[in-house]
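One chain, chain A, links the two complexes that follow: it is found with chain B in the first and with chain C in the second.
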Partner chain A sequence: MSTLSPGALPISALPWLVAAWLFAVGLYGIVTSRHCVHLVGCLTVCQSATYVLLLGLGYVREAGPPVFYDHPPGTPAVDPVVQALVLTDIVVGAAVTALLLAIAIQVQRRRGTLDPQALRPLRPPPPSAE
Partner chain B sequence: MTLLVAALLLLAALSGLLVVLSRDPRRQIFAMAGNGLVLGLLFLALQAPDVALSEIAVGTAVTPLLFLAALAAIRMDRAKR
Partner chain C sequence: MSLSETLLPVAVLLPLGAATLMLALAHWLPPRLPKIVAIFVALAVCAICLGLAHASLDGPVRHWFGGWTPDAAHRPGVVLGIGFQADPASAALAAFCGLMFSASFVFAWGYFDTEHAHFHVLMLLFLAAMVGFCLTRDLFNLFVWFELMSIAAFALTAYPLGRSALEGAFTFTVTNALASFLMLAGTGLLYARTGTFDFATMGEAVARTGSDPVLTGGFVLVAAALLTKAAILPFHLWLADAHAVAPSPVSVIFSGAMVSLGLFGLAKLVAQVFSGSADVTGLVHGLLHGLGLATALVAGVMAFAQRHLKRLLAFSTISHLGIMLTALSAGTDTATAGLLLYILGHGLTKGALFMVAGTLLSLRQSADEIVLYGQGRGLWAPALAMIGGGLLLGGLPLGLMHGATGLIERSASAPAQAITTLATALTGAAILRAAARIFLRASGVPGPELLAPTEREHEKPDRPVWLMAFPALALVALALVPPGAALPFLGAATARLHDPSAPPLALPEGGSVNLVPLGLTAALFALALLRRRALHRPARAVTRAERAGFRALQALHSGLVGDYVTWMAVGLALFALASAL
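Let's look at the complex of A and B:
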């Protein structure tokens, strides 16, 4: 942050604020959700906070992508390590989403509802569900 | 350039809020696809083209299709009852 525009936050603080905002919003959605599928969607918002945080961490101003195919090594580039981490994070996030959706389908089949308030753990399913 | 990054960051925050606030899961799917598209453009502006490619493929196409398939299975189960 070399130059600050007067009366504004430095631009390098914005990714942190947006990541915190996305995580808080996703957590709020998880806590207040009344539908398990909606809950999984809120979890993806929580995960997008980590993408923004990591890529904002590795971002270098006035630097190119970390691909040195057509420019010489030593050219200013953004951090490639966090980009690899985010790439892994996206793939793991898709796998977690698929797993949680499969669990949600099984909950609907066994209990007949997807409202987390109506689901009681460790209780036998109602006889009408069988 | 930094103005573009800042605008896309704010747009990502807004679309994440939209995903959470759309309580109907069928509407949430569309919000989620839009969120994935905004995140992909943001990653492109943050000089991460490979991450942007995989985010657009996964966040805009694969995840909403998974949600659609899950909702279809849930609706079939509810119709059977």
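Let's look at the complex of A and C:
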């Protein structure tokens, strides 16, 4: 916790740009996707943007990992808090992805298609299609 | 540690623990036991939180997990621990969630054929997440509860595994998962600037920092996430699909408690963290106010043009959330008090109305007001609940919602007041029109609602009517409680939301009885009932123009996940533009 004076975290522009790019690419993928599993993949890309952003925020130049097992306390280290956040979010993301894929399997069973453009809740397909 | 400080985490641990135990023992428990346990757990959570609300009137009740109090770090301004804090408003809302869940559990008795307690496990997880969301004072912890709430909600929406339920759940999951990514990114940005997650410490740091684009960016991302949960235009598109296809007992919770918690979270953050930032306050007063009004109006019109009862109620919820957002963005103490009271009044009424929709789905195998024409005869108890609920939403000058509207309108400008009144009347008239068709066989020729999406569906029939009607009537009766009794508590709750040691606020007693919304509701209702087939040329032209307008509006709510995500991006761009100006 050696870096916690407010406003002192060094933020370089690169991680920001990468995060914004990843998020935008993921969004584009979701919007144009024609397959639910592909869409779930795009969602994961969006999520990776948040990981990059968070790790970028906690990065300290020329500092080691926040493990003080063989370093004396006080050695410069990157911020462990954001790493904990990323770890938590990976777990949450895994749960959401699993749930979405399970839903996708059930949709495929019931509808025979996984094209998001064909899936409209409460708007049944014309009778001939069933 | 006092009793209330010990009880604070129990309010979350009890439903979490009960859910875990029930999941572990699911295959051995007798089928009725989980239902009974779930009802009692929800009631216990309600009682604990009421006790906390009472105890916190003397000062906030705090609990630091693992004993990591702010002093434990031995460095002023550094908070390492995660804390829970019950102020009267948060604890009262948590108690309200417990109440809604117990009503919903009673309503859901015998709802599923085979369940192995999984429904109740998910619902208890959902309850734990909502209570945690209310009680935490740590931004990252807030995010975790937000996520847990979302995941439980996703699974519950897809629970029936029907065609529409799966598709609605898919859209719901994708949009809300994106929202939670935004929230995480925003949380990270705020942490980078303030070096803490604790609300109070963060608020001090924000006030010290002053104008800073990173802070504003962090707020925008967190606000966008909470507004997605609270279904504010243009982030609202998922709600109508998800609430319409979820099982009725789940829709009760979604509309009654979950979505308004999003707004409550935002109100709490604005009051406790961002009150010192001029940029954020400007955004709240400007953009959020406009979005609230737009939401109220658009969703009110959409509600009026629906025929599927649950979809109609979902749009009415969005419209009322817009009204609540105008109260939030007004920022005055009376408006905030009005917001808190409105959340309760609206939640109780909307919960009851979704129960009526569920009753019709199980007894008459449809939720389509045109298919159900005249089918509701003999169901006097659901009819009473539906007409009562419709009148309450439409501005009946009685009960909690009327009191809340009076408080909100004290600080609203005349045009804003006109828009919220119109939105109220549109939603009330839509519900009354459906009730008149279903229960009284009274109807004009259907108007734009003929274009609205609908579905043939049904829910499990063999449940006694009284079991479904009793919780609905009880909720309507609670919504009719005179608001004057709650004013002293509300005054304390509003003041403490901003500053835990503030003296209670003296709220103005209920002003004049405002009959305008009810009159407008009656007028719109009469218009729907007196509608006749357009025979003459001018009448046909009017009908055609009306249809074109409504068709365009329905087309925007396309049900396609790609469109919904595009609109979310548009909303974010709107926020970016407003904060750059």
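Just so we're on the same page, the second predicted complex is superposed on the first by the 111 of 130 C-alpha atoms of A that agree within 3 Å, B and C clash if a C-alpha of one lies under 4 Å from a C-alpha of the other, contacts with A are read in each partner's own complex, and residues count from 1 in each chain.
Definition applied: a contact is a pair of C-beta atoms (placed from the backbone, for glycine too) under 8 Å apart; a residue touches a chain by one contact, two chains touch by 3 or more.
What you see is a predicted model; the values in this text were computed from it and never measured.
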- Item | Contacts of A:94 with chain B and chain C, given as first, second, both or neither | first
- After lining up the shared chain so the two structures overlap, which partner does A:83 touch, if you call chain B first and chain C second: first, second, both or neither? first
- Task: Could you say whether A:121 touches chain B, chain C, both of them, or neither, answering first, second, both or neither?
- Result: second
- Message: Quick one: is A:75 in contact with chain B, with chain C, with both, or with neither? Answer first, second, both or neither.
- Response: neither
- Message: Under the stated touch criterion, which partner chain does A:63 make contact with: chain B (first), chain C (second), both, or neither?
- Response: first
- Which holds for A:31: it touches chain B only (first), chain C only (second), both, or neither? second
- Between chain B (first) and chain C (second), which does A:104 come into contact with in this model arrangement: first, second, both, or neither? both
- Message: With both complexes superposed on chain A, which partner does A:53 reach: first (chain B), second (chain C), both or neither?
- Response: second
- Share the list of chain A residues that count as touching for chain B in one structure and for chain C in the other. 11, 49, 104
- Okay, in this complex, where on chain A does chain C touch? 1, 4-7, 9, 11, 19, 23, 27, 30-33, 36, 39, 43, 46-47, 49-50, 53-54, 57, 81-82, 85, 88-89, 92, 95-96, 99-100, 103-104, 106-107, 110-111, 116-117, 119-124
- Message: Going by the contact rule set out above, which residues of chain A touch chain B in the complex?
- Response: 11, 14-15, 18, 21-22, 25-26, 28-29, 34-35, 37-38, 40-42, 44-45, 48-49, 51-52, 55-56, 59, 61-67, 77-78, 83, 86-87, 90-91, 93-94, 97-98, 101-102, 104-105, 108-109, 112, 114
- Along chain B, where are the residues that touch chain A in the complex? 1-2, 5-6, 9-10, 12-13, 16-17, 19-21, 23-25, 28-29, 32, 35, 39, 42-43, 46-51, 54-55, 58-59, 62-63, 66-67, 69-71, 73-74, 77-78, 81
- Over in the complex, which chain C residues touch chain A? Could you list them? 78, 80, 140, 144, 147, 151, 154-155, 158, 161-171, 173-174, 177-178, 180-181, 184-185, 187-189, 191-196, 205, 208-209, 214, 241, 244-245, 308, 311, 453-456, 558-562, 565-566, 569
